[in-house]
């Protein structure tokens, strides 16, 4: 392998000519040069193989024919407009938030006043390209393609509008806009599940990416407050709360998720009275929630440990009671410290939803496994695996990117007032 | 100090809070347990371990412990546990090696190597393990050719029917041989085992690489410079100066990864390998003893976790002591 | 006879003897566990409706109990989940091509209460024609793909043991993956109920390239199951299933049921009819609080 | 205003921090507490707003006897402001939000009104132009001045200072002490734990020496520094002067 060195010790390569720069990067020594050659050959070989496969042998019909199954599972056709509506609302809200973030930078932001910083321009172009090219590449029907375009258009239009007129909005209005997210969350569950005037769609009929996202977002939203409570319990100086939290957290963290899902599917029925028989999807959702809460609690705990004791004392000495002090002073700081770890847990949670396919639920992976088993598509599972990998990777990577952006945004504040 | 009503007394309040929470939990647990006992007795399934001694009636493949269908459930579960341990031990060594190499590659002077290490870590960590296991099993290992066309490397043959390794047999070194159209070798692994190992090693390896990278990065830059000024070259610096210090940070991170490896090994059933979880599922199916089977599972994995924690704590103490 | 049987079952539910039936009534839905992925037995059509033989049994029970075959909450349960789901009371009825066995019926284990057998199946083995294997004996020492937890596993073990042969079991948690591995050539044979083998073979690219061996390894009588602790509910299901048999024998269908009923009423001397009326009155007396 | 009698405190680890400390502070009085480190002076003033509990003795603050009644503790904390050695500003809130948080939340006053008052206070401590910044962007001296403004924003009747200048760079000590001195001129009751002799001489109405958990000596600054009666005071003064 190449000779290790501390990265900061690298040559000031930017000053060198491109060729020299390349040489400094690839072949600082003869051995490194040989290694680089080998690696280059390997990469070239892989690229040729993959390219040849993608152009020649890959058959994307398996995706075209099953795109709706993969997206929403067996969700009734007549009710799918609800999902598109939800998609449009989400796109609108995302565009709005994005634009407002840019319109209201923190006082110390570098990009202040810049409506379209460079990253945003790149993102906008990417979104446009994806919306235009991907549906076409998959050969989706015209009506479906149009809907994807509409979603992208809504997102970008609201991004622009919010960035343009956002600064003129009153502070109070902005606070209200922040409430839109939880509102949209509840609205989303109503649109997906029905009831209250809409035809009910049982959880058993949700599937594919829809089920994956519903499960992941449900577990994220609910495990968050649970995790914070558990973390507070674990750091409490009341022995019963502390030991209770410790026991719970360690029990959950000691067991593989699959055994916990197993308990949810096979044991829960024995624990509940016969009159209560929650749906299998909800059981799994709650298991995921309780599972994620334990891991989140550990992340939050490390955050709480990083908040100096003086913060609580200062808040109490100002007359805030314990709850007020925790909510307004301690927890916000703890969460900021814990943010990277927490997002790591959320990424793990998205990945963990694939285990639902092992207990007979048709999440994205479960749906794909069903499709792959269809002899009609035998020999074309590579295409499905690739698309699934890209989808999951994008979800996880997007979460990671988002968290890093959020960290940066919070950064000036995290230069804490500690001496 | 007197005359304070008890519900506002700060000496009483913490206990009150604990009592309320404790009582709520107690009531909940009592309710659940009452239901459990009632439902179990209604189904005639009250806790009993007699079934452990009854013949299992199913066969297991690839066990370390000799097993056939007439042996009891208890032995089947034990065989499954041994298989799980085998996976964990081998994957643990493999992923540590891979992780260490990739983690150190992040500090290579070779830009290409650095880039590849980064891409590997970013790709593998963000794709679910289960998907990767299915990929390795169905797309890679089951696509291997068989018989004469099998992939033949020195001392190793990869075929759809299994992985064949050279080894000592009957006192002499023997490589894989083709006999009557099927391969024979001193060491044979099923492709299920191979797929599971490959998946676990590459997945956990990526996480370990991050731990190692973080550990090395935590060593102050002055240490590299000091070593360089003493005339040590890169590899020697890494081995003698940096790694011993980095281990202090790496070992605790490794513990977490090893435990998550142990838990992840329960996904074996996705690629058809007979591990503890898979045996437990079959056992549940035959006996209907859901509660007992889950208790066995939880106890086994908890014990494995504790074992790893204890071993790693020992290692940690060793590393930290040497530092002083 | 059909109506009579249904009537009996119907009335017994109103009393206190069956907790479960009362629960189903108040719930307004029958929770029925099915596989959901075996074509012919239970699968989901493109419009999202469940269809198949197992599904129809669920619908018949719901129709008898609640007056509509649509008042069913179908739950997909895997082979592992099915019996705990019944025993724990999660599902009211299991109609998931499940074999009746002594072990599953006897108290102490998967204590189920089985309704009459609705389908007679048998475990079988399928091999690729190209392998040249024509009988069970040819499978000695070979890897065989199995469904984890199915009765076929035991049948196969026993069948080969009689021939003094062993085999390498490769267990999968879903039918899909089992056949996937088989088609990729991982195992020399695949074993499950012959009905499922036949159904799956039709979906293969070249069905004729696969041979279902002549040996029937076991009798696999498939039947719906209910929780053992509620005999009244088990009785109701049993008689609803009998009513289905009777209706099929007498050619009663949804279309002609009104005509048949009128015919029966026109002939009051019909012995069965009287008998069933008695049964109904008796039950009312027994069950009224 | 404050009347502490025979206060005794043991920490959970058994350390006997206060061994019968007594002190009376009158309305509008500025009392400076001095003493070697570990003498219990910080612990002592932290018992005044119930940040520390105590096992024996009694404390009366503004006519209210400190008890274990949480409602009473909250009432006392509302009337007693505190400035800490480590500033303890809330790093995730802007300077202005640091000031307005408690009045809005605890006193339920309208935000707009509190913000006006907060700006006036920031003006008074000389950092109004920093109102939108975050504590992490300010120097230590500025942070401590914000902390004082934050305490004042609750309109307390008593202000406690727990070594307000001990973690400041030397050049910043002056600006903070100036602010405190200006406050003293407004006849706010203050108890200041500090090592600043010059400050004590100029501002204090009374100087108190604590050692080993008891009040050893109290006197007006002049006699305290020039004619200490107690032998332990003399020793202490020899060490710091």
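A, B, C and D are the chain letters, set down in written order, and residue numbers restart from 1 in every chain.
The rule we apply is simple: a residue touches a chain if its C-beta (ideal position, glycine included) is under 8 Å from a C-beta of that chain, and two chains touch if they have at least 3 such contacts.
Quick caveat, the model's predicted, so the values are computed rather than measured.
Between the contact lists of chain B and chain C, the overlap consists of A. Closest chain to the protein centre (all Cα atoms averaged), using per-chain Cα means: A. Across all inter-chain contacts, the pair with the most C-beta pairs is A-B. Chain A and chain B have CA centres that are 25 Å apart. A straight line joining the Cα centres of chain C and chain D is 79 Å long. Chain A and chain C, compared by their mean Cα positions, are separated by 41 Å.
Note: centroid distance chain B to chain D, computed from Cα atoms, is 56 Å. Residue positions of chain A touching 2 or more other chains, listed in rising order: 266-267, 269-270, 274, 358, 369, 372. Across the assembly, chain B contributes residues 39, 43, 138, 269-270, 281, 284, 290 that each touch 2 or more other chains. In chain C, the positions touching at least two other chains are 80, 84, 87-89, 173, 177, 180. Here the chains touching each other pair up as A-B, A-C, A-D, B-C, B-D. Chain contact summary for the complex, chain B toward chain D: residues 1-5, 8-13. Listed in rising order, the residues of chain C touching chain B in the complex are 79-80, 83-84, 87-89, 103-104, 107-111, 143, 148-150, 153-154, 157-158, 161, 166-173, 177, 180-181, 184-186, 227-229. Per the touch definition, chain D reaches chain A in the complex via residues 49, 51, 70, 74, 77-78, 80-82, 84, 86-92, 101-102, 105-107, 132-138, 140, 143, 147, 150-151, 154, 167. Against chain A, in their complex, chain B makes its touches with residues 14, 17-18, 21-22, 25, 32, 35-36, 39-40, 43, 101, 104-105, 107-113, 116, 122-123, 125-131, 134-135, 138-139, 221, 224-225, 228, 233-235, 237-238, 263-264, 266-267, 269-270, 277, 281, 284, 290-291, 294, 297-298, 301-302, 305-306. Listed in rising order, the residues of chain D touching chain B in the complex are 53, 58, 65, 67-73.
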